[in-house]
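Each structure below is given as structure tokens.
The same chain A turns up in both complexes below, where it pairs with chain B and then with chain C.
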Partner chain A sequence: MDYVDILALAPYGIGREEKEQIVAERLSWLTAHHREHCADYRKITDGLGYKEGAKAGSRDIPMMPVRLFKERELLSIPKEKVFKTMTSSGTTGQQVSRIFLDEETSRNQQLTLARIVSEFTGQSRMPMIIIDCPSVIRNRAMFSARGAGILGFSMFGSRRIYALDDSMKLNVEEISAFLEKYQGMPVLLFGFTFMIWKYFYQELIRTGVKLDLSQGILIHGGGWKKLAGEAVSREEFKERLREACGIQRVHDYYGMVEQTGCIYMECECGHLHASTYSDVIMRRMEDFAPCGVGEKGVIQVLSMIPTSYPGHSILTEDEGILLGEDDCPCGRKGKYFEVTGRIRNAEVRGCSDTYEQK
Partner chain B sequence: MAMTNLEKYDKAFMVNLKVKKEQLPGLKYQGIATWDSVGHMDLISDLEEAFGIMMETVDVMDFNTYEHGKEVLAKYDVEIE
Partner chain C sequence: MSEDLKSRVKLLCGVYDPETLPGEPFGGKVLDFLGALAKAVRREPGAEAYTDVAAFGFWCRRANLLRMKESLGLAGERIGLGLVFHIAPSNVPVNFAYSYVLGLLAGNGNVVRVPSKEFPQTELLCRAIRRVLEEEAYEEIRRATSIVSYGHDKEVTDWYSSICDARVIWGGDETIETIRQSSIPSRCREVAFADRYSLGIIRPEAIRDMDGEALGQLAKRFYDDTYLMDQNACSSPHLIVWLTDQWQGTEEEKEAAKDRFWQAVADGAGKYALEPIKVSEKYDRLCNFLADTGDEAEVRRCGGNRLYRVLLKTMKQPVDTYRGIFGLFFEREMEGLEELAPAVTKKVQTAAVCGVSREEVVRMVLENRLQGIDRVVPFGETLSMELVWDGYNIIDQLSRRIG
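Take a look at the complex of A and B:
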């Protein structure tokens, strides 16, 4: 099945059996593709004991530890075909992942993101407030995870403003004028969890400024990670924002630069959902066997998109719990889960939280 | 004198993507440095403002060449002659 056919399927409409078939077929094809075009990937998967030609289910696809993308340049295209390189966030001195995209992979990432997010926002674009500073997308050839997230989501915005200036100060007047102009219309807000908390929510509380965002839809990601000391629960985050600016619709998402496009959106019931285009498997720490429902494990993420780099099956350094499959009360099919944190001893790495405090 | 739709269309490209009129035919998304995802958003915003329309997300992504863009706008009853 070509990716264009997979993308035509409803984002949350495929039940377990059909999904397994699609995942196994597409990921086996991607594994063979990358083994053919990336010598390092071939060596690594040989080392993992991968047997070519063996019939593989989704759980048999070899997993690449996420840190390999920091240690090596892994790509399955000639260097001259690379037109965008994305990097993960990392604090000073940390190594960052480097992900190489060609035109096709980049386009499929964008189309996929649009399919997933439209399920929550509708087809129409909306005025959009980006809760970040404009400088984050200034280097157009090399995007950080934060810049990539903002750019990816920008296509859902009709008019866009940045809520913060480059010194991270909240532009209260500009936001108020923007909200006034689009009064009564739904407004999309996007940003990284920690940035929203620190530079938006806490600033509103500190200054006592009242913004009416009752028509707003907030999508946020990136988590707390490094600032776990400051972390609030997802429920509390929502509740406090509701009190501060009346916003009713708040969706967290889980995603990473190594698999851009395939994000896991939080539904109305507070569960993160795998879409048709990706999947998750929780793995036991001891032997990496797949966990059952309710059992905590390391999160493996599978994406049907990447052809330009061998990142279709990645073992993350996050821990999570599979909550169920096909039976979330929100009505969406597919697996749903929660992310509980980082595995012990994993290198500290976050998305929104690597903004260096001045 | 009021600008024609074609003049408005061309101007949005020339201003946002920093190209000259003679570069317009055959111009492709990602084909030049300035027509990247950032330039694309600026271009679309300007076109929407110029023609008083609001495009859907799928059409924003479908808008990928100077020529095809005219067909995309036709869906919104904007005729570029």
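Take a look at the complex of A and C:
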């Protein structure tokens, strides 16, 4: 099945058996494709004992450890076909992932994102407030995860403004004017969880400014790691924002630069959902066996999109719990789950490289 | 030592300004002190919870020290150099204590820098050392001892380096490079323990002929060599060479012997704390190896993710590049030690053996004029501290001989 045909399927309308068939077939094809076009990928999958042609279920597709994209340049297209390179937004000094896209993969990411998000926002575009600063997307040669997220979501906005200036200050006047202009209309807000909390919510509280966002839909992602220090739960995040600006509809999402497009949206019940175009398998780390419902494991993400780089099956370093499949009270089909955090750093013993790191 | 420097250093045992105290190696007072220390360590509340602390206590018993002295066969009249400055590695908690003892045995006063990262073992051992040093009989040793911790402070390292007669650096290449930025007096000696690589050599018939109990013992010893230190110690084997020169059974029986060994290792590693982050790192290391190598290799897992075997059908890289972690092992069949010899580089430190004699390996080193392999020991003893380490006779290095 071509990706075009997969994309034509409803994002949350495919039940377990049919889904498995689609996923297994597409991922086996992608595996063969990348084995043919990426020498590193071929050597790794050969070493791991992958047998081409053997009937493989989605769980049999070899997983690439997510760190590999930080350590190696993995691509399945000639370098001159690279249309853009995306990087994860690691802190300074950290190695970042580099993901190489050609036009086809990039376009499919955009189309997929549109299919998924419009299930939550509706088909038509709406006025949009981006809770970030404009400078994030200025350097288009290298897309950071933040810039890519903003650009990706920008297509849902009919008119767009940035809530922050380049010194990260909240543009209260501009936002008020914008809201006044589109009074009574639904407004889309987008940003990264931590930025929203620190530069939007806390600033509203500090200044006592009242914005009326009762018609707003907020979509946010990027994870809770930076907020862990402030002990803000997802529930509290929603509750406090509701108090501060009346916003009713808030959706978190789980996603990563290594599989842009296939994001996992939070439904009205607070569950993250795999769409038709991607899947998750929680893995037991003692033997990589798939976890059962309710059992914590490390998240493997599967995406049916990438043809330009071998990232269709990735073992992340995030932990999560599968909550169920096809039976979320919100009515959407597919697996739903929660992300519980990142796997912790271990204290490594031994006597090499042992002078303390600063 | 200036008041300013003192304020940047945390004194754990002894005094800030240790005396230079050359004495005869294995001096009576030192042996008494160490014997008392061995007892004090074993009596220290909580010590039994740490096998490394207990092993240290056992190692520095008087009888063991005398045995090691015997096997060393010190020649001529010797005396310690004076004052030794030791830099201990940051993630082998008990190493500082071994280094201190080596300095004492050679007949020296000692400054020992323990890592500023806090380990319960450091605290336990320091408490025991302090307790014994407080005894009046050992006042002289106390005045020649300074066990300290401090952060990255080049000025402190500069100071200790300027007053010592020998400097001992543990912790690998990066540490050595950092510490060498602090100069030492021209007559000062230096013993630096660089990054090393180790391997194991086994004849499959030795495994085939073992009964279950002996095999279980071997697996336990192999665990101590590898998993116990996350396979990250210089002396932990990464590669197992299967010597087939004396094999007389069938091909299947040989494979069965290998499988039997690894299965026993995987079973023996059941208690290993295989945290998710370790699996993640190990799997990543495996994938990187597979992508990097031009070798033909087959991967087998044993006991889930507990043990990875990488069966090398070719070995095109220098031997020390086949490096595992957290229970990732490479293995290669060879028809004899002559086949191994060309692969041995300077980096190779320890050869652990089973079914192969020490003499055979030593002969290989000599006959092939090898620069690598400093030790040949049975499995289970790769981590045991000896007076000859990394090719150095440490007692000789830290003392002088009167000609």
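Keep this in mind: the second predicted complex is superposed on the first by the 342 of 358 C-alpha atoms of A that agree within 3 Å, B and C clash if a C-alpha of one lies under 4 Å from a C-alpha of the other, contacts with A are read in each partner's own complex, and residues count from 1 in each chain.
The rule is simple: a contact is a pair of C-beta atoms (placed from the backbone, for glycine too) under 8 Å apart; a residue touches a chain by one contact, two chains touch by 3 or more.
This structure is a prediction, so every number in the text was calculated from the model and none was measured.
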item	value
Partner chain(s) touched by A:I44 [first = chain B, second = chain C, both, neither]	second
Touching partner for A:R72 - first (chain B), second (chain C), both, neither	second
Partner chain(s) touched by A:R59 [first = chain B, second = chain C, both, neither]	neither
First, second, both or neither for A:R242, with chain B first and chain C second	neither
Contacts of A:S158 with chain B and chain C, given as first, second, both or neither	first
Greater residue coverage of chain A in the superposed arrangement, chain B or chain C	C
Chain B versus chain C as contact partner of A:D287, first or second or both or neither	second
Interface residues of chain A shared between complexes with chain B and chain C	none
Contacting residues of chain C [partner chain A, same complex]	89-92, 95, 115-117, 151-152, 170-175, 178, 193, 195, 228-234, 236, 274-281, 283-284, 286-291, 293, 297-299, 301, 304-306, 310
Chain A - residues contacting chain B, complex	83, 103, 110-111, 114, 118, 123-125, 137, 140, 151, 154-160
Sites on chain B touched by chain A in the complex	30, 33, 36-38, 41, 45, 48, 54-58, 60-61
Chain A - residues contacting chain C, complex	40-41, 43-44, 46-49, 64-65, 67-68, 71-72, 285-289, 298, 315, 317, 319, 343-356, 358
